[in-house]
């Protein structure tokens, strides 16, 4: 008798987070392909079953157990007030390695200057519950209505204020809106159903996923620098390399020469390459990385 | 002192109903152009101010008076339970001159056979209130949850049933779903704010809009047939033309010849043209119409 | 007991002829809509069942009776050597109201000057049988091979000559090819299965289709001219109007004025409008037509 | 001996004016088709040879005789300071039946309030000569530089002011620019080479083009209204119809009934249809027109 | 006197295999760029001349010597029954590193359960010869007809069964078809003309191509793992690394530390990274590879 | 008091050079993202402020100091006759790592055979000044006119010759034009404003940019080869590796084995891999590089 193979059912976010998530999963070692039936993407791991679901809904189905785990935004976990296990913070959002922000915005010429001024006003948002939680925290009573889209066009004619997602604020400015307050910063999370989290096999699978995703994410902003250097210049070269990741130093066959390798944060590279050259480093090369696991 | 010109603020449906609505408005004599600020489309009538808003929200803003009137689907008026004046039934929907249908659908192999079987089940839909009204009418208690999209993929894994829009049923079949019941048939409506409806100038403007839209809609399925016929064949020819719209008969300069014009329903044309020819009609021509006002 | 409704199964050409065919059908009074299952388009006539099939294959399935009738190119009827009833010549092709041409083409610098020079050569074409029939008519033996596409790129390196479809010859010129001979001119045909043609109900339906398509096609190049003219100028005005379609002359209520209407070929209009004005015609208007049935 | 057929070489504007021009030409009776060699569009009139050239350059080539006639914007005739015969004003521009405007615009917060304030400033524009003519008329000295595009993004950082085309002003507002002055209003013109204008055959051909284009343009904003009315209501109905175009009145075969036809400006239709109904008109239909030649 | 440079004429598959092939060639070190004349792509190797030809036709032209070598699917080599030298099996197909399958499929409700049931039936396919070979192998007589496309829509109305390409079977399921048998598995092959294969220079060039393509293909599924480890943990770490590719071990300058590098199959990575960490590995990094030549 | 942070304002080329430039900047370590306001792209370096401007205009604004530095084509620096500091030659253009060419072209059948034959002729070009400089160098007087586009269609009807950009010459050939002379070869340059170049902070920033861009460009055509080899084969293996970049040789823990690493020009790889294998190299792997700084 063959036992049914073990499977982890994993919710993947359809829509704006999808591309970034699939890329991270690929770097973590999991290829996802979406065929004509997009709800059931194929993953090249017999232990994983993907489900492609709107980010807004994933935490709901993880909570109720239709999914064992899921990748979704922190904002929608709060909006749904879902009781789930947050396993890992994956520090990416729609457009890169930084959080998105939900902000309270009003028309440029509105007299509203703080959340307190919202008393009795009408607010449109896609995140009704999130907005109500925010108002409650601030002890303000106001009417919150669900917006089906184009929220930034609604103030001031249809509503007094909006709570809307923004990355750079430029689409708010283009709509002549002013940011009054930040309601929430949100990044992507790996979450698990509380019961699945207690199942040893499932927990191990989820933790493997978390480790590999973290390794892939770390590699996003890191590169490998390699260089050769003479013994006399070695201390100076080593002093330039950031202390965080200890460089690998290795004696070469050519007398008196060393090779040095170090994983470096990408934004630092552009600062130190001129300095390394000056310090006597030769043959500097930079190599991209798929994963970095410290 | 110049009086501010009178304006009717009119909500126009953004999204799937938009193209059909703009076409009807154009045939009715109103050109709408959407620039970079799509919320404020321009209309070539100084008495009208357009607002481009999701069909789901129009009735809400008509009810509360931000809009004087609006064009939206009957389904969303019910979903919002808006208290508005329904002025005219415009018998078109997204894809032509017929209603759309909201249906209750379940997986092919589901044991659910009627609304009664929904007791205690979970239903996903974009129209939560509509679905709850339907369940209440049928005295059934079930859990209804808002679906952010791709609803037809959710059954049976995430929910037991869905309530979804359909035109031909083909996308439901493609998802291996079976229609159990029709929840609602919906067409497009011209609606008015109750206070605006009592304002004589606004009501007159809304009624003009209703008359012209009705004329444009009627013209969609009608054509003008013109033909010449000799006196001896006139009675036979007239007997073939539908009685509904009395034909215009006119004596020509050529002795014994008459011209006949008649507005005819387009689907009838393909049946009667062979008959008219046989009855002696000559020089039959068919002309398209912009408006038909009986 | 209800009798099964009578149906005519009609093959419609998928691909390059599709748009032109659907437009003609629409003008003839038949709206065709293609949903997600494109093989089964819907037609707004309960007596017609559409099948969307490549033009290359329609005559094959009409001959064998899977289709009662079909609209396809004359070229593919010959290519398939199908035994079918040709009901009507619909004088349109892919890009307008003129035939397409299959031509024999060779590289600019090829020594081949006539079909006779093909002896022993290799020819690539999408229409292998058509080309073989052409060679046989010309008593030339040559190798003909099926081309899966990009035929015009194959000469001179892969083959010596090609037989290819052309409308203006410009893509052949762009590939540095020279037309040696015309193999076939082809227009669109309405064809019927021989057995279906003997069934009275089906034949009547096919003839109705033929009449309405012919009316729609005729209307493509005709317009209605209307004008008013005083009695003294009437003869001159009438002499300018083409004799083919007798104008409808009508006495107006204004003493001494006549209205004149005439269906005119569109290319003629631009010649006669200046002449009509000079002859005293007033209020000349031109109206487009959906159908003209003489 | 065969004489070479007479031909008029006509410049047609490539780019933003192209679609509107082709549509007008089609309504005037000339089908233009652009193949792979877009410089040489085909026109269905053996007496016309089209050349598709940027609107900016047409007047230059008409002046120098490479083209006999051309359709282009008044702005570019002035920019090129071309000595050509202006034959007709075709009152359309890129986006409809109204002129485009070249305006002087500056950043919202600029101290520049009038053309006089431009002294010593730097202005970017696609129409360098036009702008210099404007400055000269206003006796202002300033530096004008050619802008290769995205002109509205250049102020205030790269230049002090711009001279730019606008239709609704919305893209200027979106770039936070303020209109200071109107430099030019421009519509489309039919122009002729001075020598071609003196050639009788060419002049006749150009005038035919002008007449038909004018007829097509007039038809853009007019429709034919047809209605039936009883004798007693005839005067009232006639009094409602605009006086400009005398209606055609005609006694019907039915005793005491008249048919009335009138060409009416389209924006008027929406006002008078309710009035006509009230006055006793029946069976009102509205028909679109291809050409109106008074 | 300059000798004409030696050239290998190489057929590259146009269409569905094109992207995957160009990518492999690029990884192998050959950049192919397709300009406006797509038949003649440019390759950055003076010894190679590319020809872009439909995969269906390449083996035909390799056999006849118009091409020295080609990259095409095994299916089309069989379909054309081409006598060519198969040089290398490149284990990719349209959508990844796995074969495509030609299958025999019938409507869900068809009584056909095995190839034997095809006797006397009609089968549509793009691969007529392949299908006939299959039937002959199975000693079944049936009618096979060429399908110009949309083959899966043809059963059951037009034919009884189809032989069609599939990767996941999902488009067959969507068309309500059931797979009865597998006709062929096919991958991409590098093939050579028999005469070219005997020419030493050409054979050397083809073998170089085969080696580099194999290296690029191997790299598709492999990565380089690097890590540092203390001497005491070295044996455990080494025992975890797959035995297939011997790891490179190297003493570092820091006393008692070793660096380990190993090429690892990508799917294994996600299993061993947690184990390596547990075994004491530090600073694990994963690097992508362009080529792996064992 | 906080000092304003130092910023270098950098012009980036909008249009055909944009993609290649953004890619190089990214490899150099600078991510550029273009939002809704494309004039102000964001760069992930607080010391850089990007401006997205047409390549044609950048040198003008660098010269006048609105930009501190810029990346643009050498052709447009000459066309604008801008007095700027050329800091680095970045050897890429629109379509790869090679210059673009401006050529003088005439119709195939034109009698013009050299620049001398242009005397008194009319030339169309987008680069009027460049063309005039070229004529002056060749002591030829001719009329040069600005072309707004589609320049290659203008000869011979509108002008006698053109000066146009070309990469492969194929679009000129398609227009039946013949290249008479090369006017200019152009690559991309990093340029600086003369005053900014004297400011130490700005110069240092520009030099850093130049160094990193050069490193990224060098990496475009180089790869890292790694291999293992036994001592006896080491000399032979080292003799095969190009002398330019000295290989890094390293004794492995396995007795008698060495690892060898070398940065190699990519086009050389395909030649030496077979040779290296033959010489006893094992486990050859190739790794792509982000930057190479010698």
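Note that the chains take the letters A, B, C, D, E and F in the order they are written out, and that residue 1 is the start of every chain.
We adopt the following convention: a residue touches a chain if its C-beta (ideal position, glycine included) is under 8 Å from a C-beta of that chain, and two chains touch if they have at least 3 such contacts.
If you're wondering where the values come from, they're calculated on a predicted model, not measured in any experiment.
Q: Can you tell me which pair among A-F, B-C or A-B shares over half of its residue-numbered contact pairs with C-E?
A: A-B
Q: Between 0 and 180 degrees and rounded to the nearest 5, what angle rotates subunit C's CA atoms onto those of subunit D?
A: Fitting subunit C to subunit D on C-alpha positions yields an angle of 120 degrees.
Q: Is the contact between subunit B and subunit D built from the same residue numbers on each copy (over half shared) or from different ones (under half shared)?
A: Looking at both copies, the contact residues mostly diverge.
Q: Among the chains here, which has the CA centroid at the largest distance from subunit A's centroid?
A: Checked the centroid distances; the maximum from subunit A is C.
Q: Would you mind pulling out the distance in Å between where the CA atoms of subunit E average out and where those of subunit F do?
A: Computed value for the inter-centroid distance: 35 Å.
Q: Go ahead and note the Å separation of the Cα centroids belonging to subunit B and subunit F.
A: Chain centroid spacing, subunit B to subunit F, equals 58 Å.
Q: What residues in subunit E touch two or more of the other chains?
A: Subunit E, residues with two or more chain partners: 37, 174, 250, 287-288.
Q: Let me know each pair of chains that touch one another.
A: Every pair of chains meeting the touch criterion: A-B, A-E, A-F, B-C, B-D, C-D, C-E, D-F, E-F.
Q: In the complex, go through subunit E and note every residue touching subunit F.
A: 28-30, 33, 35-37, 42, 44-45, 207-208, 211-212, 215, 219, 224, 245-246, 248-251, 258, 263, 287-294
Q: Contact residues on subunit E for subunit A in the complex?
A: 95-96, 168, 170-171, 174, 223, 228, 250, 252-254, 259, 266-267, 269-270, 273-274, 277, 282-288
Q: Spell out the part of subunit C that touches subunit E in their complex, as residue ranges.
A: 14, 37-39, 51, 53-54, 56-57, 60-61, 66, 145, 147-150, 153-154, 157-158
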